[in-house]
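Each of the next two complexes has chain A plus one other chain: chain B in the first, chain C in the second.
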Partner chain A sequence: MDIKQKIEQANEEAFRRLCAGDPVLVDVAPAGEVLPGLKGKWITHSGPPIEWKRMCGAQKGALIGQTIYEGWAKTPDEATILLEKGEIHLEPNHAHQAVGPMAGTISPSAPVWVIENRAFGNRAFCRQVEGNQQFGDYSDEALKGLRLWRDVWGPTLQKALHTIGGLELKPIITRALQMGDELHNRAIAASSLFANEMAMAMAKTELAKEDLLSTLGYVTHHDLIFLGLSMASGKAIADPARDIEYSTVVTAMCRNGTEFGLNVSALGNEWFTAPAPKVDGLYLPGYTADVAGLDMGDSAITETVGWGAFTIGGAPGILSLVGGTPEEALAYSREMRKITVSTHPTYRLPALGFAGTAIGIDIRKVVQTGIVPIIDTAIAHKDPGYPKIGAGLVRAPLECFKKALIAFSRKYDIGK
Partner chain B sequence: METLVSKLLSGPVIAINLGLKSFGASLEQQGVEVVQVEWAPPAGGDREMMDLLDDLL
Partner chain C sequence: MDIKQKIEQANEEAFRRLCAGDPVLVDVAPAGEVLPGLKGKWITHSGPPIEWKRMCGAQKGALIGQTIYEGWAKTPDEATILLEKGEIHLEPNHAHQAVGPMAGTISPSAPVWVIENRAFGNRAFCRQVEGNQQFGDYSDEALKGLRLWRDVWGPTLQKALHTIGGLELKPIITRALQMGDELHNRAIAASSLFANEMAMAMAKTELAKEDLLSTLGYVTHHDLIFLGLSMASGKAIADPARDIEYSTVVTAMCRNGTEFGLNVSALGNEWFTAPAPKVDGLYLPGYTADVAGLDMGDSAITETVGWGAFTIGGAPGILSLVGGTPEEALAYSREMRKITVSTHPTYRLPALGFAGTAIGIDIRKVVQTGIVPIIDTAIAHKDPGYPKIGAGLVRAPLECFKKALIAFSRKYDIGK
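This part shows the complex of A and B:
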């Protein structure tokens, strides 16, 4: 068998594993109890590895907020000193089976969604999704949402989940994709379906009435609550496709606001990075592109498994948020088929004649065609201290894929 | 002597334009029907990448 055949066979296996993914929400638990390999004072963040000094403004702001939230500092200045001195251990989420939206910060007391991929037995985690602290806002008002999640909403959902023994997410994802979601910046249908399930679960659970009402209000009025679940599901689905010899399939894409990074199956956990790109987007009143930070967040794990902008043709409602026309959106979804192994047998889009979602990004096809993955994303401010300022579309940098192809060729002694 | 080329050009011509649209545009300005084919050199013409892809894809 020559190398081309070996790659094709390996990519078919990666594709099989990606399609077999069966995410089940099994718990909501404090990160310190479930994320592996972390002790003491630590915060994990989005994107490839990066030290404090090189972090963008929004990620620094989110870390300052997370430090105050944990009670390790009382003021932003105190938090900054601790972080500058390296007294809080910083690691990427991906190194600990986790993902986080935008700055993506996770710390020990913060509850995370716990997803188990029942097809392979692996678990993945994601923090709560909100519109303030994860964008770099460290105000007391921004941290209030994190405290409520830790003290009320997280524990209440945990009890309810234990009552029903977990919640299968594949049926919700399948239906939501047919209801106009793309599960990245538009997750309204999935969030509503999830709220239905959790409302019943909470009703079956012995809860203090104020906790029940507060949590019910939270899950039924949070249009993006499911993003945390789709991200953790994406991570749980993608991880079993890692470490397949000869596979050129991408197993993670993420950004920290400074760099964009990706992993490739046959190349394990090695990051291939390039400068984070600018997002082409629409801005909330009071903000413009001049104050925007660069592309940021682990949420591109949704595109990695074929959701997000890969399925934007089926989610025209999101265009009012990120820009573009329905025709362009359909073209994006069709274009992504040119750089993927195939289409998903279960996750199908009515707008594309019930075609499956494009899945299994092949670095060879990206480099050959010059077509890079498209991602829809939110936008943070370039400086610390601000909430969400906009949303838009962005392309992954081609340079990452070229670097990965060179590394792959070296590993297998090609081109000498 | 009539060659294949002269025979071809003696009647109406439909041009197939590969890649850069501007080449086809100049023909269109002269009233020639042009069919545009989207094409780009593999790997954007990057020789190192093209060589690797020859072995891998």
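This part shows the complex of A and C:
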């Protein structure tokens, strides 16, 4: 078997594993209890590894907020000093089977969604999705949502989940993709379907009336609550495709607001990075592109498994948020087929004649065609202390794929 | 002002009223308590007026079922005798501000959705949506759903609605149309969003645990529950557009499985009918076009107000049910603009670049262009005793529009 055949075979295997993924929500538990290998004062963040100094404003702001939330500091200044001194251990989420939207910060007391991929037995985690602290806002108002999540919503959902013994997400994802969700910036259908399942689970559980009403109100009116679940599902689905010898399939794409990074199956946990790109987007009133930070967040794990902008042709409702026409959106989804191994047998898009979503990004195809993955994403401020300021579309930097392909060629002694 | 100007002005007014419609769900109550002008043993049915003898098999089957459900007969034979003898008073739903899907039968003890159009103060009603009795199935199993609706689900929803003082449907309809619903055969998003609201309302209400779990289970897993609400909303929205002198706008389209009928604003409650057409559709396993009944149901009230097949371009998910391609679906929605007064300012379709839904069918435009309204619909068996057998697309018969235009010309002394 020549090298090309070996690669094709390895990519088929990666594709098979990605398609076999079967995400089940099994718990909502404090990160300190479930994330492997972390002790003491720690915060994990989105994107490839990065030290405090080189972090962007929004990620710094989120770390400050997370530090105050944990009670390790009382003021932003105190928090900044701790972080500058390195007294809080910082690591990327991806190093701990976790993902987080935007700045992506996770700390010990924060409950995370716990997803088990029943086809492979691995677990993955994602933090709560909200519109303030994860964007770098560390105000008391911004931290209020984190505290309610920790004290009321998380524990209540945990009890309800334990009552029903977990919740299969594949049926929700399948339906939501046929209801105009792309499961990255638009998860309104999945969130609604999920809320109904949790309403039923909560009704079956003995709960204090106050906790029930607060949590049900939160779950039934949070249009993006499912993003935490689609991200954790994406991570749980992608991880089993890691470490397949000869496979050129991408197993993670993420950004920390300073750098964009990716992993490739045959190349294990090595990060291939490039400067984080600018997002082409629409801004909330009072903000413009001048104050925008660069591309940020682990949420591109959704595109890594074929959702997000890869399925934007089936989710034209998102265009009011990110701009563009329905025809352009359909073209993006068709274009992504040119750089993936194939299309998903179960996740299908009615707007594309029920074609499957493009899945299994092949770095060879990216470099050969020059077509890079498209990602839809929210936009944070360039400075610390702000909530969400916009949303838009962005392309992954070609440089990462080229670097990865060079490393791949070197590892397998190709092209000499 | 010449006649043409008078018509244009009248149609603008009809259009204004249709767009101003503001449907609010205010109650779920037994039909006998809320439908105006009915006493004793009565059943109302879908479509234009029709006597028992000329009814199609499915409508006869549904009447038999409804008669047994009310306890007026114990067996199908007993029920048939009562109905043949005329001992049960039969009238069209539309004569009582009501609508019903498929055979559309409503009887005194059956709870109906009560919608108030807050812009005009008028009310409209629709029966429960299910997949058996309304298609003509009168088996004990088929009637079980009606009994649970009467005894548990209806009363529980009523209590919950009273707790929250009614539910505005415009926000749900607006969102659902951006989530791939067309609100006729596909109402999965609206149903899910509605269930979210009712879960919250039920949580706020003192209910027996058993009733709560049964009703919450029903509401959160009934993908078409919102069809009853979109139909009653359609009726509540369309009725204020009646009786506008000189207006050629259609105020109702409905079918009883034998005839298709329509009302026109300036022509009051006069029905313009033609034989019900055959539906071009897909069939459930075990059934074929050979055993299909003809077009049936009041559900075309959704198309009358610009939903249903008029918005199918934004609802490609329905194509797995009715057949066709996404491109054809988009073309249908664009085509309907040619026969309506204009497009809706609030109800918009992302797949058509956020264009409004075509609304205000003008019988002049239909006759001039030869383009007749397209309707997506379920299919019943031609004989009594069967559940749903399929779904598909159908065109309203041109003949009805021609008859109406002739009557209009006669009334206003045009073309002499």
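We take it that the second predicted complex is superposed on the first by the 416 of 416 C-alpha atoms of A that agree within 3 Å, B and C clash if a C-alpha of one lies under 4 Å from a C-alpha of the other, contacts with A are read in each partner's own complex, and residues count from 1 in each chain.
By our rule, a contact is a pair of C-beta atoms (placed from the backbone, for glycine too) under 8 Å apart; a residue touches a chain by one contact, two chains touch by 3 or more.
Keep in mind the model is a prediction, meaning the values are calculated, not measured.
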Touching partner for A:P316 - first (chain B), second (chain C), both, neither: second
Per-residue contact with chain A, leading partner among chain C and chain B: C
Which of chain B and chain C A:K204 touches, first, second, both or neither: second
Which of chain B and chain C A:T220 touches, first, second, both or neither: second
Chain B versus chain C as contact partner of A:A189, first or second or both or neither: second
Which of chain B and chain C A:G180 touches, first, second, both or neither: second
Chain B versus chain C as contact partner of A:N269, first or second or both or neither: neither
Which superposed partner A:I414 touches (first chain B, second chain C, both, neither): first
Contacting residues of chain C [partner chain A, same complex]: 175, 178-181, 188-189, 192-193, 195-197, 199-200, 202-204, 212-213, 216-217, 220-221, 316-320, 325-326, 350-354
Residues of chain A touching chain B in the complex: 3-4, 7, 248, 364-365, 367-370, 402, 405-406, 408-409, 414-415
Residue ranges of chain B in contact with chain A within the complex: 40, 42-44, 46, 48-49, 51-53, 55-57
